[in-house]
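Take this structure, written in structure tokens, and hold onto it; I'll ask about it next.
Letters are used for the chains, namely A, B, C, D, E and F, taken in the order the chains are written, and counting of residues starts over at 1 for each.
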Amino acid sequence: MSLLEGLQILVIGLGTVFLVLISLSGAVALESRIFSFLNKSKKENPAAEISTTPEKSTVVNASVGELKLIDVDERTAAMIMAIVSDESQIPLSELNFKYIKAIN
Amino acid sequence: MTYSLTDTLIRVWEMSGFANATWQQLVMILVSFVLIYLAVVKEFEPLLLLPIAFGMLLANFPMTGLLEGPLGDQPGGLLYYIYQGVELGIYPPLIFLGIGAMTDFGPLIARPSSLFLGAAAQFGIYIAFLLALAFGFAPEAAAAIGIIGGADGPTAIWLTTKLYQDLLPAIAIAAYSYMALIPMIQPPLMRLLTTQKEREVKMEQLREVSKAEKIVFPIVVATLCIFLLPSVAPLIGMLMLGNLLKESGVTDRLSNTAQNELMNIVTIFLGVSVGAKAVGENFLQLETLKVIALGLIAFAFSTVGGLLLGKLMYWLSGGKINPLIGSAGVSAVPMAARVSQVEGQKANPSNFLLMHAMGPNVAGVIGSAVAAGIFFALFG
Amino acid sequence: MTYSLTDTLIRVWEMSGFANATWQQLVMILVSFVLIYLAVVKEFEPLLLLPIAFGMLLANFPMTGLLEGPLGDQPGGLLYYIYQGVELGIYPPLIFLGIGAMTDFGPLIARPSSLFLGAAAQFGIYIAFLLALAFGFAPEAAAAIGIIGGADGPTAIWLTTKLYQDLLPAIAIAAYSYMALIPMIQPPLMRLLTTQKEREVKMEQLREVSKAEKIVFPIVVATLCIFLLPSVAPLIGMLMLGNLLKESGVTDRLSNTAQNELMNIVTIFLGVSVGAKAVGENFLQLETLKVIALGLIAFAFSTVGGLLLGKLMYWLSGGKINPLIGSAGVSAVPMAARVSQVEGQKANPSNFLLMHAMGPNVAGVIGSAVAAGIFFALFG
Amino acid sequence: MSLLEGLQILVIGLGTVFLVLISLSGAVALESRIFSFLNKSKKENPAAEISTTPEKSTVVNASVGELKLIDVDERTAAMIMAIVSDESQIPLSELNFKYIKAIN
Amino acid sequence: MTYSLTDTLIRVWEMSGFANATWQQLVMILVSFVLIYLAVVKEFEPLLLLPIAFGMLLANFPMTGLLEGPLGDQPGGLLYYIYQGVELGIYPPLIFLGIGAMTDFGPLIARPSSLFLGAAAQFGIYIAFLLALAFGFAPEAAAAIGIIGGADGPTAIWLTTKLYQDLLPAIAIAAYSYMALIPMIQPPLMRLLTTQKEREVKMEQLREVSKAEKIVFPIVVATLCIFLLPSVAPLIGMLMLGNLLKESGVTDRLSNTAQNELMNIVTIFLGVSVGAKAVGENFLQLETLKVIALGLIAFAFSTVGGLLLGKLMYWLSGGKINPLIGSAGVSAVPMAARVSQVEGQKANPSNFLLMHAMGPNVAGVIGSAVAAGIFFALFG
Amino acid sequence: MSLLEGLQILVIGLGTVFLVLISLSGAVALESRIFSFLNKSKKENPAAEISTTPEKSTVVNASVGELKLIDVDERTAAMIMAIVSDESQIPLSELNFKYIKAIN
């Protein structure tokens, strides 16, 4: 293959890379617009189905609701509960935490 | 056959490595020791370089038959079978499955223009391709050499297997070594090509990306890329499947296995296989040195490509884009992004470019897969 | 070959998906999007449906060669190789190994009559088989369609691969979708066929089952089933090996790997492979719609079969058996058992049927494997 | 295949399914009887070898024995110890818990 | 073909195990039950013996076709495919990869003379080989039988597959059973061959071994062993790769997967495959009993070899070496080392031999792999 | 194969096993000497590069340094932190432990 042909491949190749990635960039931008549009119409119409899987956090919140947190923030508490639940293979809903308290 | 004492001793000796080693094998064993040193002590991408080096060691012991194919009733050697996953193009896509399951494309979705930088940073691929042609390599070999500039191991291995297997170990070793050397290769070029003022630019915080966008992203990318360039399907397809398994949130156990155990198993096999291709007669050639030199050039020009487009975007955006994130477009995730962060902070201690550089960084993975697909379409 | 600018651009275009897509491929891609939506948003058995949907997407991009077999020196496509595990009947038994390692047969051992319900709830298999014959399907196809009524994915995939591969994706998708829809399919039939009084029945607590009984159980089941019906060996054999690894208590590390990493790896490969069979020409046929309709009928009649035998057992036991546990005999572990629990509690808030329904539920897995073995013996 | 033949297969097939599962049910019932019989004779003759692997729970009990549980039930305590042991790769017998106390 | 009621029932019956079982199959099924009992209740190396026993059970059900190869279009049986990993010599080296990643060669590095004991404790291999020749076995079979004395399962399986597959299940079962019986086989010989004074010897504490030494060790061993004896490459190569992955400290995720999930998956497949070779016609032969008897002799003489060299070293070292650590040279890691510890403590309650015995213990793994390599070089 | 030939194989085989393992033993001893020699010269010249990967323990120590340990030894504390970090997927450097205290 001559260098001239090689140069053409450089142009075509790099061009195609740009073409594909620019298309992608357009598609991603379009995707974002669509989602932002959908979100807006959802806010106006809150009855529309929204979330994909928010149930998990709800479960955590529910559990947190029954629990006194003393000097511990919710994130830490959720983490601790998740660890215990995961390790003990007991679903969160069946674990009975009364207090999570920072010790000092 | 009789088993007299002397005869058997002679037979054992004649079949030993000492009686059969070629100088090439001995040199390759030394090379493998150097690679083990680099992997273990210098921590050059050890997850792949250590298995590669050990595979090279094993493949260059004399008389082991590890690489021999089956002959009649007799089964082949161990490395022959493990190598099939490379030969048939299976391992690299599976590695991409795991990489997809580990990658957060959020920063890319938040700023889609990152993809331009991920394209520009493939520049070195084509420069090295052209130089390789000039050095007299066949087009297929030149393409495989060029892809080193994609700074992406599995892509380089995949393309080289398809186009020119003789160069496989040289190209894989060059790719992984230069990826480990990114913190040394890139900074001089970054300082050379950018001004202090450019490097000081603080970028706006990225918007938060919704879960839904992240889920749709891999589907969009797979569809668009594979439609435009069908040859890219095994790499981009598996990358995006892995990402979908992760982002969907409903297949966590699959995503975890893809990015951990499956990836680790395939990594061991892939590394050992690639190393096993490095037998003396093929590896100890002037070509190998050329590949290594061209690989460095490829990395350098990819960095330059990314930086130059970064400068253009700095200029077009009225100074909102820090051109240092351009060099992260070479992929080499996440090292190249970290280098951008470090250089940005050197110029301005309150500058945090890491998340901004992650966009071009993951775009670079897509970019080099696309470049590989183009080469495969042209020469495969 | 020359690489002039225009020629190459034309070549890239001519090889792109845009220039080659058939309408069937485009429709299939849309179908795969719908399936991804169902898997991710509606959480229809996502662990298998998401890989299936993505495999379908990949297989219907034009010109990728992902499914092509090897040709001379040229290796085949990625999905061709991954599909071998389905073609050779390897993946489904490995999934069963994992299921066995996850299943507690205790409730079944405590009440062996659960097995009758697990048999009755295969009724829909034969009804659908008969209707499929009436619709003009070949006996092999009719058997594969019927097995949807077993409500057991790996069994359906295994049998369809053996008897009639063209229907593989339709049958797998129907099976997994209807399994996800069990909470909608079963309750109306349960309320229709049972009286309030029957649904209110509280069942006696199950006796505790000793460790020794649990260890012997898989050996007994494997021996008896495979003696009676040798064709069932791959499925029942692996199911019971997995269960023995779990219950023995001395091979925990094997049991853990069987139910986690090995199962996850195989699940990804199985899903993608099954989806990859759904190429337009085969899938976009009237047959597919018939399969989907017949699958629903199969599920419904299996539910009916379980419920009717449940009613008989209610009557024979003098009201000690709640017929609602009959519908759990379709397998679809553990959803069908949960449905029994929910319906029982609706009739009587203090009613806890879950453990009682688990017996028929796991019996249903054995039952449909047996039914598959019979079909394979007759038509394989 | 005619519908009549199909009907025969329905009868044979479902019949065989019942046959196999009823046999299984008989075998399982028989198995239970045998074990219950063996257990009875064992209770009368406690020297006979019984358990397959009861050592694990013994270990846990032994450890629990050395430990004060304050407002914590044994199950929770065992769970906590198992988590720490598993995660730290230190066998339970080498871990030295002095107290496990619910905090309030 | 018509499907009349009676015809089909007859067909089902004729194809059932009841109509086709041979007495050999029934006996083998009983043998498999005994092995399951030994694995589960007596905890005889259950990780391998339980899968072996279940594989034997599955393989001896009549008419299952599990072991049949592909025929024309029809794919082969499940166990046929799983067995390929044994047939092609792939599983045992992968097990060795995991063993290498689990093994600490520190005690061996601290006292290199442990390797002499690891050599001496292969004595039984050659005694059993000689006796097997005397019993009329072919040299290949005699070598495979002898290797039982290596007390190392994967090595025995690997060599037997290469030399004489018919004896595979007998040899594997003997090897794993006697490994489980080490605490019964060795103590009488240890007490017979050593004096109370010898057994009381307390050994000097081992020096600490640096990380660097541990990293270099697998490279040195692989290089030297494979140079001297190329046929040993698959076993020693993978063993040392696993160890390097572990000791390097930079590839922990690979080392973890090698010693856990990968090893567990391969263990299940290896066990089931080996068991599946135990079909009646081959296994129920006088040869099997001879193998089992010769295996015991091999274990005993390996123990004796280790102890006698231990006594010599006691004498040469002026009483610094406790000869009880010699018996640990048979490998059977870590049971044999524990037996040394227990016997040493019986003689002197303040005696802690465990770490001292670990050196010969891991040396024994290398020793038997070397012995297997020699046999393969001579008869392979 | 005659027993005499078998005896020769015994001699050759066991001899080769000894040969290989004695060579190994020599190589390992040599390796140890070299490393001990290198270590000595390093101690005299402490600038030479030594460690392969000591960074990990440093990280732990750094974190421990910011932390009050009350009736808890460092090893236990490190273990607890590692568990929480591993389980919560939060790097150690980002976890903010204030106290780890034994409860009594």
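Following the convention adopted for this analysis, a residue touches a chain if its C-beta (ideal position, glycine included) is under 8 Å from a C-beta of that chain, and two chains touch if they have at least 3 such contacts.
Every value quoted in this text rests on a predicted model; they were computed, and no experiment measured them.
A.B. asks: Looking only at C-beta pairs that count as contacts, which pair of chains has more of them, D-E or A-B?
C.D. replies: Contact tally favours A-B.
A.B. asks: What's the chain with its C-alpha centre farthest out from chain B?
C.D. replies: In terms of C-alpha centroids, the chain at the greatest distance from chain B is D.
A.B. asks: If you take the mean of the Cα atoms for each chain, which one ends up farthest from chain F?
C.D. replies: C
A.B. asks: For the copies chain C and chain E, give the interface type as same if over half of its residue numbers appear on both sides, and as different if under half do.
C.D. replies: different
A.B. asks: Express in whole angstrom the distance between the two chain centres, defined as the mean CA positions of chain B and chain E.
C.D. replies: Result: the chain centres lie 39 Å from each other.
A.B. asks: With chain centres taken as the means of their Cα atoms, state the distance from chain C to chain D in Å.
C.D. replies: Between these chains, centre-to-centre, one finds 27 Å.
A.B. asks: Where in chain D do residues touch at least two different other chains?
C.D. replies: Residue numbers touching two or more other chains: 1, 9, 12, 16, 52-53, 83, 87, 103.
A.B. asks: Counting only residues that touch at least 2 other chains, which ones in chain C make the list?
C.D. replies: 3, 8, 12, 40, 43, 215, 228-229, 248-250, 261, 374, 378
A.B. asks: How about chain E: which of its residues touch chain B in the complex?
C.D. replies: Going through chain E, the ones touching chain B are 87-90, 93, 97, 215, 219, 222-223, 226-231, 233-234, 237-238, 241, 244-245, 248-251, 253-254, 256-258, 261-262, 374, 377-378.
A.B. asks: Please give the residue numbers of chain A that touch chain C in the complex, ascending.
C.D. replies: 1, 5, 8-9, 11-12, 16, 52-53
A.B. asks: For the complex, which residues does chain A have touching chain B?
C.D. replies: Listed in rising order, the residues of chain A that touch chain B are 1, 3, 6-7, 9-10, 12-14, 16-29, 31-32, 35, 39, 52-53.
A.B. asks: Going by the contact rule set out above, which residues of chain E touch chain C in the complex?
C.D. replies: 3, 8, 11-12, 15-18, 20-21, 29, 33, 36, 39-40, 43, 46-47, 50-51, 54, 57-58, 61-66, 75-78, 81-82, 260-261, 264-265, 267-268, 272
A.B. asks: Contact residues on chain C for chain D in the complex?
C.D. replies: Of all residues in chain C, those touching chain D are 108-109, 112-116, 118-120, 122-123, 125-127, 129-130, 133-134, 138-139, 142, 210-213, 215-217, 220-221, 224-225, 228-229, 248-250, 363, 366-367, 370-371, 374-375, 378.
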